[in-house]
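Two complexes come next, and they have one chain in common, chain A, joined by chain B in the first and chain C in the second.
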Partner chain A sequence: MKKIIIDFFDSRLGIRDILEQNLTKYLLPRNINVWYTLGAVLITLFMIQVATGILLLIYYVPNPEEAFQSVERIMNEVPFGWLMRTLHAVGANVIIIALLLHMLSVMFMASYKKPRELTWVSGFVILNLAFGLCLTGYLLPWSQLSFWATTVATDAAGAIPVVGDELVRFMRGGSMVNEATLGRFFALHVMGMPLLLGGLIGFHLFCVRRSGVSRPPFGAEYESRDYPDHFEHEEHPGGIPFFPNYVIKDSAVICFFLAFFLAIVFFAPNLFFPESAFEPADPFVTPPHIKPEWYFLWAYQTLKIFPSEIIGLGIQGLFMTLLALLPFIDRGPERRPFQRPLFMTCYVLGILLFVAISIWGHYS
Partner chain B sequence: MSRADNIAFVLTLFFLLSMPTSLLAEDTVCIECHSGQEERLAAPVAAWRTSIHAANGISCHDCHGGDPTSFAMAMNPENGFLGTPGYEEVPDFCGRCHVGVAKEYMAGAHGKALENGGAQCVVCHGNHAVKKASLDLINEETCTQCHSYERAALIKLSLSETDVMVNKVDKNLERLFRQGIAVDEMKGQLFQQRNRFHSIFHGVDVNLVRQETSGVQGELGKINEQIAAIDVSLNKRKMWGGMTVGLLFFGGIVSMLIRSTYHDEEGH
Partner chain C sequence: MPTHDTPPDRRKFLYIILGGVAAVFTGLAGWPVWRYLLPGEKSGDQEKVPVAKSDIQPGQAYFFNFRGQPAVVLQLTPGKFAAFSAVCTHLGCIVKWLTETGEFQCPCHGGRFGADGQVLSGPPPKPLEPLPVTVASDQVLVG
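Our next item is the complex of A and B:
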């Protein structure tokens, strides 16, 4: 029966060939390491977000009068609603951890270099879209944290010269965070950004597949090379098959990552959420000690370090620009970390600075 | 900047969150004006900031009346300004909000002795730096200002068990609240019982205290039963969660072992 079905499709679509070319005959570098599994981990996590998000959509009501109660109902009355909501909310944080690890590993191995610039840029946009999804999702429960975090976050855009005030009004749909803000953030969160993200993930994977997996720059056999100006798929003759050899490694890391994720969901579900996340929004009472999520603490503290917000914003913009254009700035063929002392110094100092400023922001 | 940079730049702007801002209770002309006055007039503001009233957003005008939005009309009696109550007026002054407590107090020994200098609210609770109601307010230092401590000590002993129960229920509800459990109804029940409990000892009658606290304990027990049922459910979640995490971990190890079997054919 199985053979009949496969034969039916194979004779019409040539699926055996597709599967061979992309699974068993798709060869990866022999020294491929565990960091390359983060892509598969991220796809799994994004799929969980989509699935739990769709289930939450069944019960969530996107208007200020009912949003908080609907989330409370999901948490307390809907069968397994607490699980869906906690998976979705904690999952957002776990995805950011995985995205940052993925980005840092790519930087360490210089996999962003020619001919993979587009892979890097699309990955960078995916990271920022994930931040955008976190931010828009933050408002939806219409809690005290949601309301005031969004109020202050959108307010910061007002520091931009000339267009600042108009930009704030545009984002909020009025002078204050209100029903219109919830409406547009909801639309962006459940439709606009996921569609864009889906397309970008598709493009990112297409780039990976077309360019070929980059060879890890380690081991005595590794040599730096110049890539030609015309298209060339990087082959790995004598490499290991993607399926089943590497897929099983992907599975192992996915299992470990999910174990870490579910350990938080079941044993520390409020790890990422302060008390104000459980109180309904009250536009007339500002809760004390509002802090951004851990991944935005660096931006929050950067603004406070400088005497003027516009300087802080400028430095953040410059940093993000440098990061986005990294493959076009760091263009040498050398990819071995220890042959790139200047880059590695900046890399380590950059990570330490990010952590230090974030801790400072947390305790400030 | 490229499109990616523009998106990154704009998104970055979203993430900037603020310094904590003051509560609305602080935003009154009373606070604004008195804060800048000489020490005697400014002292109530500093004292109020340490109070349970400030913590709950109860501001000057909530007790003293007046218009908290207008410098000109803030202390105008026509706008409901009451000023400072006399010693004997304090129970009625506080009793506008603390109705049950005032009733018990007036029926008790302290209330009956009010005209003869009997203790009223601020003697034990303080005035602007109003202290949170707790058994610590019944202490030798405070009580012996007016009389011996024996009777007060007996009342405190009778109340202490219930006080521990109230605090335990409160902590448990707070714990559940932090996990997204709907506890509003139970909080309402606790609020009711806490008020009843606080009212009891204002009558300063040992026998009545003993009788009434058993009723409060019974009601607290019912809330405890609800909390216990929720805890059973939460523990079940943890049990299933632990098993799932264990299975995933096991799956990861098995996958790694399978992966190691490919090493020979790969020539490692």
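Our next item is the complex of A and C:
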């Protein structure tokens, strides 16, 4: 029976050939390491977000009068509603962790270099879209935390000269966070951004597959090389097949991440929920110590360090621009980490600075 | 010397183990989703639904919400009440009461039911579902 079905599709679409070219005959470098699995981990996590997001939409009511109650109902009354909601909320944080690790590993191995600039840029946009999804999703439960974190986050844009105030009004749909803000953020969170993200992930994977997996810059046999100006798919003759060899490694790391993820969901479900997340939004009472999520703390603290908000915003913008254009700035062919002392110094200091400013932001 | 791939019985064993693990995980993930999607029983689903006697005129029908679905209560003769689900047993449309003829008619395909809920004509395969009625002092309790 299985053979009949496969024969039917194969004779019409040549699926055996497609599967062979992309699975068993798709060869990866022999020294490929565990960091290359983070893409598969992220796809799995994004799929969980989509599935739990769709399920939450069944009971969530995007209206300031009912949003908080609908989330309470999901948490307390709907069977396994607490699980769907916690998976979705914790999953967002785990995705950011995986995205940052993915980005840092690509930077460490300099996989962003020619001919993979487009893979890097699309990945960078995906990271920012994920931040956008987190920000827009944060408002939806319409809790005190949602309301005031969104107020603070959107307010920062007001420091931009000339257009700042109008930009804030446009994002909020009014001068304050209100029903219009919820409508906008809801539309962006459930439709606009996921569609864009889906397209970008498709493009990112296309880039990876088209240019070929980069060879890890480690081992005695590794040599830096210049890539030609014309298109060339990087082959790895004598490498290991994607299926089953690398799929098993992918699966193992996915299981590791799922274990970490589910451990938080079951044993520390409130890790990412401060007390103000359990009170309905009150536009007349700002709770004390409103802080953004951990991944925005660096930006929050940067704005506080500098006497002028515009300088803080400018530095954030400069940092993000440098990161986005990294492959066009760091253009040398050398990819071995220990042959790039200047880059590695900036890399390590950058990570330490990010962690230090985030901790400072948390305790400030 | 013959070359050996993985022996077929070992490969089959591996497939069975992997299939079993996949089935267990699918079940573990599928059960919460199934329960999440299953319509839940609301509090009050077993309670009787009161209708004021003054709302039910003799020879008239009074439509009301019975535990989330439309129902109808009739006062056939003074003091004698009967209640039915108002959902047509053909394709689920809501029947209407024809005072002149003293019968229910379905607007979708013309099914007709008597005041006792029995099918008079048309495509409905079975009578309207009767609902138990208890008469209290100034209320009729349905359910």
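Simple rule for what comes next: the second predicted complex is superposed on the first by the 364 of 364 C-alpha atoms of A that agree within 3 Å, B and C clash if a C-alpha of one lies under 4 Å from a C-alpha of the other, contacts with A are read in each partner's own complex, and residues count from 1 in each chain.
Throughout what follows, contacts are C-beta pairs under 8 Å (C-beta built on N, C-alpha and C of every residue); 3 or more make two chains touch, one makes a residue touch a chain.
Just so you know, these numbers come straight off a predicted model, no measurement behind them.
Taking chain A as the common reference for superposition, should the pair chain B and chain C be classed as clashing or as fitting?
fit
Between chain B and chain C, pick out the one touching the greater number of residues of chain A.
Between chain B and chain C, B touches the greater number of residues in chain A.
In the superposed arrangement, which partner chain does A:T345 touch: chain B (first), chain C (second), both, or neither?
After superposition on chain A, A:T345 lies in contact with neither partner.
Determine, under the contact definition given at the top, whether A:M84 touches first (chain B), second (chain C), both, or neither.
In the superposed model, A:M84 contacts chain C only, not chain B.
Rounded to a multiple of 10, tell me what angle the C-alpha centres of chain B and chain C make at the one for chain A, in degrees.
Given the fit on chain A C-alpha atoms, the answer is 70 degrees.
Please work out whether A:N33 is in contact with chain B alone, chain C alone, both, or neither, and reply first, second, both or neither.
A:N33 contacts neither chain B nor chain C.
Pick one for A:L55: touches chain B only (first), chain C only (second), both, or neither.
second
Under the stated touch criterion, which partner chain does A:N76 make contact with: chain B (first), chain C (second), both, or neither?
first
Please give the least Cα distance, whole angstrom, that chain B and chain C reach in the superposed model.
In this superposition, no C-alpha atom of chain B lies closer than 8 Å to one of chain C.
Does any part of chain A touch chain B in one structure and chain C in the other, and if so which residues?
In chain A, residues 83 are touched by chain B and also by chain C.
Looking at the complex, which residues from chain A come into contact with chain B?
Against chain B, chain A makes touches at 30, 72, 75-76, 82-83, 85-86, 121, 124-125, 128-129, 131-132, 135, 149, 152-157, 159-160, 171, 240, 244-245, 248-249, 251-253, 255-256, 258-259, 262-263, 265-267, 269-270, 275, 278, 284-292, 296, 299-300, 303-304, 309, 312-313, 316-317, 320-321, 323-325.
Provide the residue numbers of chain C that touch chain A in the complex, in ascending order.
Contacts found on chain C: 32-33, 35-38, 40.
What residues on chain A touch chain C, complex-wise?
55, 58, 77-81, 83-84
Looking at the complex, which residues from chain B come into contact with chain A?
On the chain B side, the touching residues are 1-2, 4-5, 7-24, 57, 177-182, 237-238, 240-242, 244-245, 248-249, 251-253, 255-256, 258-259, 262, 266.
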